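Would you mind keeping the following structure in view while I ask a few things?
Order as written gives the chain letters A, B, C and D; numbering starts at 1 within each chain.
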């Protein structure tokens, strides 16, 4: 049974041997840990993710980072250079392709070869494992900003080894957040263990004087996720990362659409992550937040997409996020061209820069939402702790099994899949069907009330159709769905 | 000496005869007032500006309206149809060219002819007087939305006669707002009289059962105008319009850049316009507000321009403006193509629609700014009333002469031109040099304090260079200017 | 009641559209057999055989669709499903590509109907009625 | 100290740039004669004659610039100002047009320097120093 317990060095090194044999690129001199530490120590501050986040937090500014990844190395280098220079990105990603995410390195290899042949990327991301330490280091050397792997990989152990040895100083993901929204039937115990390994690696580096940033994946399915659910999972993954020795964590949240609820979610997330880390005995973790621009279905029209991007940037900046992940005007169609990607960045940057001296004023409404989210999160975390008899790793596994935690629209069969969200009349995300979610009657009553208010105003029933309308709404230029007839 | 007194019907009709002779198009059967009333009565609700604003106000939504005008009639028709269909504009404008604004109808005629010859518009707007009632009615018949003339014409009497007889149901402008920012040395007494005529015409129509909307021009020079100044002028012009019988007024405000100050300005504007109208005895005027997207120098980069447009739309919607005037990604270059114009509209519409169910929450900071603006406006209006010994038309003339009211960067020699604005550290527009502005020492002390705070934080002096940096700031992607070195 | 098989092919986990397709087709009188995300060509074919389906609706969102559906028509034919209508929709290629070009490529691979991004399942109902009835 | 005449031509009332040009050129050691907005060609020429100016900086923002500056060079020559440098800048044509095309048109009309939108007065200082010194 998985436990939230720091992995011993011996166990870690034992597993490591196996991991590095999973694909030929695991065999590289830089994957000697001493050598890797030496390489990572040579990373200057301005190319260190963790450092740049600390600096931004101090200045109170919001950094921007795109998603980007293509199959071929040279094309990927060119892409990131372009996003840095023309797009003015502060932080760089490498979005990993879906075959690599499922450890299908042979498929990825075929994808690279086919892409070379056709002269265009047939993969939806950068196959970092196949390109190996040499390719990834070449990339690192070709840019001036910190690099992070962004993926959705249930078992990212080999990937993580390769990117860190290549001086990429951040890694996105977590045992829950890179399983439930990204897989169908991979055991949660397994993925938590895989990610304990990934975190243990970062902890190892920390013990040897290298600071690496870790980012639990906040938006989950990106589709009407109530803030309490994503915040709870971010907090759980932060605690599990801290146990393995991670000291620099960025917790994430995907834009919901209502400005007040979104700012409240960001504030609650930061405060409660710090609170729970201390409560569980991790005193020296540096916490920042990342806001994801709208993660659901996008409007097709490019001006509308850019408007949504600018609106998201306004919320992130006024809400004080340390980092924001940007989208593009191509979102509803497919992987963006580098031009479209840079355009999304420029749109975002104008706002993060222009609004940097403004914050969302404190208000009763904001306070109320912050407290509401906090109460809900407290209730969910308590349920996890109880389910695990004090151990949150065990608790997480059991909570999912029982549906005490439940992620809307997740593909995983481990997820209860009974919860249904819908918006209230102001567009705040509330819960329509709770399934077995660990909510008190009082908490449920609040959500019911809010949705009744909407049903009344819109003169319609509370039903799955409401959820469906809300899913389509933003791509149609609305926030609160209306029944079409 | 001009007085705030309803023009008698005889006087109005006397002047009217002269006006209609200023250009051949003044001689048209539709300019018979009985005929004009008949025509206007045939306007259906959805093409009546005043009606559509009432309706929007009731629904609590924000309508969008572009600026647009080209020299040739057919091209102009095509342009407005495009903005209506592709841009989804709710309200249509005809922006009038600069020759017409200066009553240089012969120059406008040459401009039309030259534009016909070259097959592209050489005028910066639509020369409505030259196109006359026939052209303007053809335009009205070609679109499905209400039409308004937008200009900057000190003497718009003939223009107003022609557009209303052509079933355009709104007219922008005012005796102060279309003089001081738009002219060099035209007497303020004269322009107030000209606009009393324009309002009297609307009052005449109202007496005969036709509701027409009037819109004092809010943004003035569009450049760091402190809210108290533009709000004061909007209120003065509303009172003068009401005296002539106008019953449907839209007061305007140009985006300053700080969200809280902008929302505060909108709220204060609406509340105080209603308050002063009642105080002066005009009980049945229906007041709405219009928010102008950023009126100062725009960023060149198109994605940045669109970001600014989306941000402005966010503020207008959360601030509850009934109407918003949109800009385009071509703003810093020149009169936009119809495509660029529609793009600006679509960007705006996504936001006004998506955010329609959200309002800016009440907060201490917002309350404070509302009260601050109200105190300042009260002080300025009091000074005008005193200067005019109770008559605000006289008072306005004298207040400008003495600099009690002073518009930053205005070209008019009647303006004192001593006031200098600058931003505080959050980007709120404050006053650096007061000249002779009718502010108490207490009010001045507040502005001084705010600018000292900024000077301290930015480690720089309070000087004209601060103002210059602030003027450039937004076009460079900032809000608060910084000294470059 | 006509049966249709729906699912998301390849290493693709986009589940939202799939759940909505299930709901909308069921509401509109079809017997929906949903094999879910991360499904192989074989999963689709087996389900179609078992349930005597009249149409297979393949979703692909994540970009690898073009690779994932190769030779699917041939395999259907081999399995005796030549008469079953083969649809594909979602974001079936990488990036924003010319729609008619993409349609051609997939039709050449044997798909009866090809839907570009932005076509919601509601918009495809008339086609489905036309092709297989209700 | 060299003298330059600045102003905004035609029916144009854009005053902000004009005030900044005044301030920046003065700060940089020029004797600035500012005839303000709504100025005619004659206003520019008379001011230049009266003050022995070395350059005339015409601003046009509102779009009618192309019509407003016609034959200005010829009038300058007639007035004996052939040696005076003639600059134009701002938003000198209607709409977003090809920059080098526009420059050509205005150079053909006799302007020595032509500045497209986005060129702030600070950016033109080096040209001015090169052409007339300080």
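Note that in this section contacts are C-beta pairs under 8 Å (C-beta built on N, C-alpha and C of every residue); 3 or more make two chains touch, one makes a residue touch a chain.
Note that the structure is predicted; figures quoted are calculated from it, not measured.
Trainee: Could you tell me the distance, in whole angstrom, between the mean C-alpha positions of chain B and chain C?
Mentor: Comparing mean C-alpha positions, chain C is 54 Å from chain B.
Trainee: Hey, how far is the Cα centre of chain C from the one of chain D, in Å?
Mentor: Comparing mean C-alpha positions, chain D is 65 Å from chain C.
Trainee: Measuring from the mean C-alpha position of chain A to the mean C-alpha position of chain C, what distance in angstrom results?
Mentor: Spacing between the chain centres: roughly 30 Å.
Trainee: Once you've mapped the touching chain pairs, tell me: line, ring, star, complete or other?
Mentor: Chain contacts: open path, no cycle.
Trainee: All pairs of touching chains, please: list them by chain label.
Mentor: After working through each pair, the chains in contact turn out to be A-B, A-C, B-D.
Trainee: For the complex, which residues does chain B have touching chain A?
Mentor: Its residues touching chain A are 257-260, 299, 301, 303-304, 306-311, 313-314, 318, 343-344, 346-351, 353-358, 361-366, 425-427, 474, 477-480.
Trainee: Touching residues of chain B toward chain D in the complex: what are they?
Mentor: Touching chain D from chain B are residues 98-99, 101-102, 104, 107, 110-111, 114, 120-124, 152, 181-184, 221, 223, 296-297, 300, 330, 332-337, 340, 409-411, 464, 468, 471-472.
Trainee: For chain C, which residues are in contact with chain A within the complex?
Mentor: On the chain C side, the touching residues are 10-16, 19-20, 23-24, 36-38, 62-64, 66-67, 91, 93-97, 117-118, 120.
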